[in-house]
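Note that chain A is present in both complexes that follow, paired respectively with chain B and with chain C.
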Partner chain A sequence: MTAARIAGLAGPLVLGLVLAFLYLPIVVLALMGFNESVHYELPFRFSTRWYERLPGNERLITATLNSIWLALANTVIATTLGTMAALAFARYRFRGRTLMRLLLFPPITIPWLIIAIAMLVLFFWTGIGRGLHAMLLGHVALSLPYVIIVVGARLASFGVELEEAAASLGARPLQVFFRVSLPMMAPGIVAAALFAFAISFDQFVISYFLAPPGVSTLPVEIYSAIRKGFTPEVNVISTVVIVISMGILLLFARFSRFGGER
Partner chain B sequence: MTEAKRRLWTIVGLTAPAYLWLTLTIFLPLSAMLFFSFLVKAPFGGREIEFTLKHYDAFLTKSYLQVLTWRSLTLGFHVTAICIAVGFPAAYVLAKQVRGRWREALFLLVVLPFWSNALVRIFSWTIVLRPDGVLDRAAQFVLPGLPTFDLAHSYPAIVIGLVHSYLPYMILTCYLSLQAIDDSLIEAARSLGASGFTILRRIIVPLGLPGLATGSILIFVPVIGSFFEPRLLGGLQGIMLGTVIEDQFTAVFNWPLGAALSFILLLIVLAILAVSWPLLRGVMRAA
Partner chain C sequence: MSAVEVNGVTKRYGETAALDGVTLDFADGSFCSLLGPSGSGKTTLLRAIAGFIEPDSGEITIGGVSVENIPVRRRGIGMVFQNYALFPHMTVFDNVAFGLAVRGTPAGEIAGRVRDMLALVRLAGFEERKPRQLSGGQQQRVALARALVTKPKVLLLDEPLGALDRRLREEMQIELRQIQRSVGITTIFVTHDQEEALTLSDRIAIIDQGRVVQVGAPNDVYERPETAFAARFLGDANFMEGVAGGDGMVATTAFGPVRTADPLPNAGAPVMLAVRPEKMRLVKSTEGAESGGDNRIEGTVRQTVFSGNSVTYIVAVGDEVVRVFAQNRGDEVFDVGDAVVILWSARHSVTVKP
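Showing the complex of A and B:
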């Protein structure tokens, strides 16, 4: 029985070590935002001066606002277009359907570095240029496949019977959509929207290559801050970013179990 | 309008916006990148368009580019291997030993860090690993008199940072396939006298294989294309194919060479995806 008991202890130990590894840097990051020293010197001395200074850091604040606006616009566009496409895939069988679904994979599987550079080349060359609008183009492209997959999973979980029943009882197509389809799809759409927001808000690579001098989003600003030499204000804003991102995931987990068993 | 026509227009109307968007932002740019990779110089400022194969030739003749490609691939192998070694057991414990509400909570804890900004996580590792940083201090505290170790700007630092970034992928995919294993299968094997090792070798690993393979692809592909992680964590040790590509666009401004190297990287990625296609197709059907 001792072997079994050791095995029983090994499990929690493995999981505990993995979790410690995953959270160590995040905890350190957050703590250093409360450390008095500019150079992250130890021993730790508690201070909130970096939090107090943050509102005065105009570059970080501007970049944060850019990130939020970008993520909101991305969420609206990607969720709308993605839901439309998911609806077509779920309700119709047509030629090219398989190919079109296959085309969702390149944005997911090709490394962001390659996609970012390809966008930079085309946008710069054609005069679309760099800037927040170019980043928006890119973020939506990355979000679309996820939205289509998440909403599609939700749509696959119920059939067309209710829609057909409504139609046969005399509801017009738009009525069917707004009174029957949309409420059923709602949890999937909310989950997809949260996903899209997080993808954009955390996106660095695409934004980095499409950012002209003087325009940046929060991750781009953090990158240049790290390369120029750290300041604990970066820790503070990073902690805030982590709290926001994790909050979104918790919301997401409430609305869908990662694609929807519910 | 006939029924068939109405149906066709509905489909086009629903899918066209999304796919036009993807065309403009993914497929056209990739084509433009391929086009650029054959140019002598970027055609900006009214420069004549001149074609050449010299950037691909450079890859074949300049050994440092091949060395860098090999370094990126090696990095991919190391990170993936460690993620398997750590992630598979963790996923097994989560899927088979933890029960009920605990499992849900722990699962969420595992995927939660994944949702924090990748850049921010790499940044926090630079604080942890630097000399006189947290890890150094902790080691000094446990064993006073230990020589200070400097993991900052080293190859292990890159590996640690990347494993941290991608480990949740492996745990997630392995968890999904291990969870599907019927417990009674394991019970039956045990009651028939199979040892723990036999059960592992004959049941758990084979049935967990789809998760292992999917996780490996999801990790290997982005790691060979990584650039900011090696740059921030590796210093001079961090020169990889990805960072050299980045340099062509942000420092050296040799866009055609950068495009050619990106395209070579893309070919490597596509080769990996093609080899693993049967598996990905199964995952896609399940999704």
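Showing the complex of A and C:
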């Protein structure tokens, strides 16, 4: 075999290994949801008993609904605010613009654990306290820099010229925004919204710190369930979440090449 | 009647004046070029007329009405941008229809007017294409159609041909002029390309450092440049500095006495003369005596620059050089080192301000 052919085979092989490494644990997790044994014992015996028991697990259902509600609210709020901020950064000159832009990046690198502690202290101190509202506040603060950066990158890809052209053709500012700026930003906004949803839906640390007793989100609930021992119902809810979220992502990918030129 | 008037307009950015008391008027239906090097303020002036820039002082009127505090969208302008600024997410039809759609024009009327406009720019049948599927020249024509469909009072063009290659640019120049004439719209055209300005314009305004250096018909500005800058920027020129002679018509320069048809200042005052290279003629020094010409300077050919249909001779005269342009007629070829005489008429020695 020539070197080129070896290289030609090595590429797909490496890629295959990487994908296997990513998906194998998920496949195992999904399979174990269909295993009859509560202790993940082998041999594998197919059963749907854990799926049947899921609706009865009120804690898990409530936590999942909390997570979905939080993620959706966070997506709407963070995407709206972040898009407005990105527009301001890209299209207006104002005092402190450079400094504020610079300050967007550190929160991305500060460990979430530290941010979580800082928020807990601040919320306790200011009387905001703990609860879903506090979690939402935390998630929004955490998602904003990502949204601003993603939408900002999209805005930077087309100049102010398009908006000027629209104005020269007689468009009012709102028409300029809805007919030109918004459609041009759309791929960036969709990508940013997915980011915001994922950041909130995945969020464990901040939710864990800001959740009062009796209130939890899916990641927090899974964590406490796992601590108590084996719970195939966690596998079941995880599988359901994976299937739904992959379905949504595939739908988005089908209808828009987000981030890229349309 | 003037379609657009600019009266003493000044715009400062910090210490530097991008526009320094500019006064210009643009006749109804005329094609006027703002010609200047980059950073001269020509684009700033165009953007001030469009309304993207608010002048610090001075007044701009469009159609006899002051446009102070009138936003861009209500100035009745059509603008073509340097990179066309077509909306990439819209089809050609929607791009051209945009100006009508935002005014709430009925769909039926929009369809008709867009169709007519696309026919005018020879793009019928391209309605459903996206801008990225068009060539540079086609995008250019869509941008023109989009700017004209709303029947603006004035058409503003910001170096619209700059991104095209030479051949296409020359084709578009002709087409642009035809369309402009057929629509009869007052047009202000920003360019740094002197040939483009000469070819297209009814009038040229030469702009330098935020000021209007000279305004006039292309022919006038070219033949009678008032300043050394205008002479140099529009075409090529040999400059001869010296002092005015006693008879008022001969200047003493480093090249010797030079005759001019222009009246000179008092004897001894400094003068500067500009002579276009194509107004000069070379003859062999042995024939010099018989040939006419009010001015004759002896020199030696130092270099020849061949450009196909013409040759430029760089002739050394003492420590100075003179550039002489000659059509390539196939006769009278001079070689480096030849002793020659440069001849030209007194009326082609134009006095300019340094």
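Rule of thumb we're sticking to: the second predicted complex is superposed on the first by the 224 of 262 C-alpha atoms of A that agree within 3 Å, B and C clash if a C-alpha of one lies under 4 Å from a C-alpha of the other, contacts with A are read in each partner's own complex, and residues count from 1 in each chain.
Operating definition for what follows: a residue touches a chain if its C-beta (ideal position, glycine included) is under 8 Å from a C-beta of that chain, and two chains touch if they have at least 3 such contacts.
In this text, all values refer to a predicted model and were calculated from it rather than measured experimentally.
Chemist: Once chain A of both complexes is superposed, is A:I222 in touch with chain B (first), chain C (second), both, or neither?
Modeler: First partner only.
Chemist: Could you tell me if A:V28 is touching chain B, chain C, both of them or neither one (first, second, both, neither)?
Modeler: first
Chemist: According to the stated criteria, A:L15 is in contact with first (chain B), second (chain C), both, or neither; which is it?
Modeler: Touch partner of A:L15: chain B, not chain C.
Chemist: What is the contact status of A:L120 with respect to chain B (first) and chain C (second): first, second, both, or neither?
Modeler: Only chain B is touched by A:L120; chain C is not.
Chemist: Looking at A:A171, would you say it contacts chain B, chain C, both, or neither? Reply first, second, both or neither.
Modeler: Only chain C; A:A171 stays clear of chain B.
Chemist: Once the structures are superposed on A, label A:P106 by its partner contacts, choosing first (chain B), second (chain C), both or neither.
Modeler: First partner only.
Chemist: After lining up the shared chain so the two structures overlap, which partner does A:L137 touch, if you call chain B first and chain C second: first, second, both or neither?
Modeler: first
Chemist: Who wins on chain A residues touched, chain B or chain C?
Modeler: Of chain B and chain C, B contacts more residues of chain A.
Chemist: Return the residues of chain A at which the contacts from chain B and from chain C coincide.
Modeler: none
Chemist: Under the stated contact criterion, what part of chain A meets chain C in this complex?
Modeler: Residues 158-159, 161-162, 164-172, 175, 179-180, 183-184, 261-262 of chain A touch chain C in their complex.
Chemist: Mind pulling up the chain B residues that touch chain A in the complex?
Modeler: The touching residues are 7-8, 10-11, 13-15, 17-19, 21-22, 24-30, 32-33, 36, 43-44, 86-87, 89-90, 93-94, 97-98, 106, 108-113, 115-121, 123-128, 132-134, 137, 164, 167-168, 171, 196, 221-222, 224-228, 232, 242, 245-246, 249-250, 255, 258-259, 262, 265-266, 269, 273, 287.
Chemist: Any idea which chain C residues touch chain A in the complex?
Modeler: Contacts found on chain C: 50, 52, 71-74, 77-79, 81, 83, 85-89, 98-99, 102-103, 132, 146-147, 150, 156.
Chemist: Provide the residue numbers of chain A that touch chain B in the complex, in ascending order.
Modeler: Against chain B, the touching part of chain A is residues 7-8, 11-12, 14-15, 18-19, 21-26, 28-29, 32, 40-42, 81-82, 84-85, 87-89, 92, 94, 100, 103, 106-107, 109-115, 117-125, 137-138, 140-141, 144, 148-149, 153, 198, 202, 204-205, 208-209, 219, 222-223, 226-227, 230, 234, 238, 241-242, 245-246, 248-250, 253, 259.
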